[in-house]
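Since the structure comes first, as structure tokens, the remarks are kept for the end.
As written, the chain order gives the labels A, B, C, D, E and F, with residue 1 at the start of each chain.
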Amino acid sequence: MAQKQAITAIYPGTFDPITNGHLDIVKRAAPLFDKVIITLALNIDKDPLFSIEERLEMLRRSTEDIEGVEVAQFSGLVVNFASSRGAKVIIRGLRAVSDFEYEFQIALMNRKQRPEIDTVYLMPDARYTYLSSSIIKEVARHGGEVRQLVPSFVMEMLMKKFPKSISE
Amino acid sequence: MAQKQAITAIYPGTFDPITNGHLDIVKRAAPLFDKVIITLALNIDKDPLFSIEERLEMLRRSTEDIEGVEVAQFSGLVVNFASSRGAKVIIRGLRAVSDFEYEFQIALMNRKQRPEIDTVYLMPDARYTYLSSSIIKEVARHGGEVRQLVPSFVMEMLMKKFPKSISE
Amino acid sequence: MAQKQAITAIYPGTFDPITNGHLDIVKRAAPLFDKVIITLALNIDKDPLFSIEERLEMLRRSTEDIEGVEVAQFSGLVVNFASSRGAKVIIRGLRAVSDFEYEFQIALMNRKQRPEIDTVYLMPDARYTYLSSSIIKEVARHGGEVRQLVPSFVMEMLMKKFPKSISE
Amino acid sequence: MAQKQAITAIYPGTFDPITNGHLDIVKRAAPLFDKVIITLALNIDKDPLFSIEERLEMLRRSTEDIEGVEVAQFSGLVVNFASSRGAKVIIRGLRAVSDFEYEFQIALMNRKQRPEIDTVYLMPDARYTYLSSSIIKEVARHGGEVRQLVPSFVMEMLMKKFPKSISE
Amino acid sequence: MAQKQAITAIYPGTFDPITNGHLDIVKRAAPLFDKVIITLALNIDKDPLFSIEERLEMLRRSTEDIEGVEVAQFSGLVVNFASSRGAKVIIRGLRAVSDFEYEFQIALMNRKQRPEIDTVYLMPDARYTYLSSSIIKEVARHGGEVRQLVPSFVMEMLMKKFPKSISE
Amino acid sequence: MAQKQAITAIYPGTFDPITNGHLDIVKRAAPLFDKVIITLALNIDKDPLFSIEERLEMLRRSTEDIEGVEVAQFSGLVVNFASSRGAKVIIRGLRAVSDFEYEFQIALMNRKQRPEIDTVYLMPDARYTYLSSSIIKEVARHGGEVRQLVPSFVMEMLMKKFPKSISE
């Protein structure tokens, strides 16, 4: 059969920080598409723990060994960024029912903006079903254990942000 | 058969801004009740995009052609406002599972306050199932397309709030 | 204000048997509409515990003191029955998230058939949130207690169907 | 960039009958993968309305104009069929919360069987969110309207199965 | 502090067959209560794959090394069985949202029967979140892999029920 | 049978304020465990209505007649506090689907920290299914009725915080 035109996919997020759940999605997406751009969404309203530079660095280090993956950043609407990069696909991880409805809302609005770009959902490994960046930060803040849930250098960066908590 | 006493219904919301999903509910409710009061809930804790005056104006312009609809505002508990207007019904739109539980919480508390007032739920057109004021604002902020999702004069008001975004 | 044309509402179900949750919905609906027709849906595929005659009798006895309520039966699509009776409204009780999606599916299909007829949802009293005809039958079958969950004459009819169970 | 190896995707289902919701998913999947095999799952336990031959015919006619789509059938585990065809991807449509959990159960079991094959979820158009083969059959059985919800030749086949219902 | 009276808990189910998810719940419950009775619910309406004797044997073999666990069977209402054994607690595993509402319905009815007996929910290991007896049987029927999801002797019993499937 | 070692359970929360729903859970938990420590979680990020001292006082007064209950406070991770008190169990109330997924996320993270401590879920009385501290505060703020939903002295404390609202 004749091969399709090369397909680029965007995997957007705030990645504050990247978790092994995010990485699991990237590893599942990489073999399916010709290029996967893991993309830091710059949302000026939020108050992130890690700076843009730190997060970009995390994304690069975490994905440097995965073929076909590159790192980028954008502000504005993800579909406009996707369009500017010629991407046809937005990748999202689906973990839980509460994700589900929010994702539908976003996807329908994205379709309205750019019908030629579609969203595909991937399911992370069951170990990561209920994992989120927020809970990672909450646990790390109190000196808890996040090994196996984030890459080891992210764990070190978390430990620097939260040195020996008085709650321990 | 003998006709019932005239029935007034309240449709409360923050309407920041009103969407075509809200209007769809108003149009479904209007033929069922003798009067429908679309009511701006003044919640001092929130930080709305549109002023009270702007939102009341939106409500009036959007509903001026729908028979039996009037516009009002209230602060405090919606059941108290309903009672002061002799309304027996509170109307709510149900879009998604996540609405559902929140709505139940509110409705049960309202019943506790005023058992003689009940809540009825209407379902918007499928096109509006995942539409919300928040996502409209988010998209408009970045110069995205909200045509067909809000009345045209609301679209213009959004464009004035968010002139040509640098993200475009 | 000028009153609306009289509005008839249909409350369809299999009522095998009617529960206090169903009755709670009827009592909430009766003051809102000029007529409420509680309607037995004849579904030839199911294997009901109570005969059509028994269920119609239950509906009549349960609702004889509620003004503006009548009892009927239909086969086929509920919207066609509603249309034949000049009804503008189908009433449904919403108890739980799992109801919610099924109800949406039904309501959207009904709208497709007869756009002039709409569905309104009412919420039963919190005591009846997780009550269903199926669980009533399951409990009664094993000699359990269903007092306060069904009308007293329904309880007697259940006891005749399930005389002294060997499991007790 | 170097192109990936050609990727084949399986879209399994019972398709009794195929709906416009299924077709919407096929049309979204076709541009993303090199080949999409829409595959009739032969489940001996079910009692389908349409025969295997009728359903295969429906699949062929519905998809004959979509490039890169072929039709097949299988019994047993879908991952084994996928493997035998060299497919890396199973496609599923996600419509509602209730789908979601069932799909997760299936996907996790499939991964256990063949970790090299992954499931991707696509979201149908909002018009088809609450559409299912079961409700199509239920409505057609009672002479209701399913135009715009199934391909026209499927509508004709439904009308032959359910000639002029007495309920009309 | 003075110790409580010894507390007995019932863990009811159809266990057709027992899975590692069920066993995970038993192992979590055993240290919390003085006695845990894993109890086969005899439901004459169902058509089980394994006979009562086979299932009781499975329960015994699976739990023989867990201290404080015994195996029993009952028909009728679980609260009546619990009462006859002096149990104060019914244990249930909670895996998914869809379980949740069904469990609430059951628990509220059980409370109505015997308010002195309460239900406690335990959460299985994340690996078993989407595991069920039904999917185990479905996969085993087609020659799929269920290792690590059921005890090894259950796997052998499944293989005897489903010798070399033609679908493989 | 030989009795188990005495078992201590923690019931953590922000209790701002304690509701009758919380108390219902404490009363259900007390007979099941040798000691129940109702524990105020000190979360410096939140902006509570009641001070730590007020909330501890509420907890003490509400539970002084329930045998085996004591009151404590902690900051940091609840599992670390539980461990420091020799507790094997964390108690949580489950009211609604939206609770469910959040609770799973928390419970899985807690297990990762201290696998020897497990979470058990109890279901409050149906009257309290949709009750929360937030809605109590919202209603009291506007002069609404919260009798039967909080202990009487909590109602008085709420009335002091919100003297005669202008919205009434």
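Convention: a contact is a pair of C-beta atoms (placed from the backbone, for glycine too) under 8 Å apart; a residue touches a chain by one contact, two chains touch by 3 or more.
Nothing here was measured: the structure is a model prediction, and the numbers come from that model.
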| item | value |
| --- | --- |
| Fewest touching-chain hops separating chain D from chain F | 2 |
| Common touching chains of chain F and chain C | B, E |
| Most distant chain from chain C by Cα centroid | A |
| Numbering shared by both copies at the chain D-chain B contact, with half separating same from different | same |
| Centre distance in Å when chain B and chain C are each reduced to the mean of their C-alpha atoms | 30 |
| Whole-Å gap between the CA centroids of chain A and chain C | 47 |
| Touching two or more other chains - residue numbers and ranges from chain E | 97-98, 101, 104, 108, 126, 130 |
| In contact (per the touch rule at the top): chain pairs | A-B, A-D, A-E, A-F, B-C, B-D, B-F, C-D, C-E, C-F, D-E, E-F |
| Residues on chain A engaged by chain E in the complex (per definition of touch) | 97, 126-127, 129-130 |
| In the complex with chain B, residue positions of chain F that touch it | 96-98, 130-132, 135, 139, 142-145, 148-149, 165-168 |
| Of chain A, residues touching chain B in the complex | 75-77, 79-80, 97-98, 101-102, 104-106, 108-109, 112-113 |
| Touch list for chain E against partner chain F, complex | 1, 3-4, 6-7, 28, 31-35, 68, 88-89, 94, 97, 100-101, 104, 107-108, 118-123, 126 |
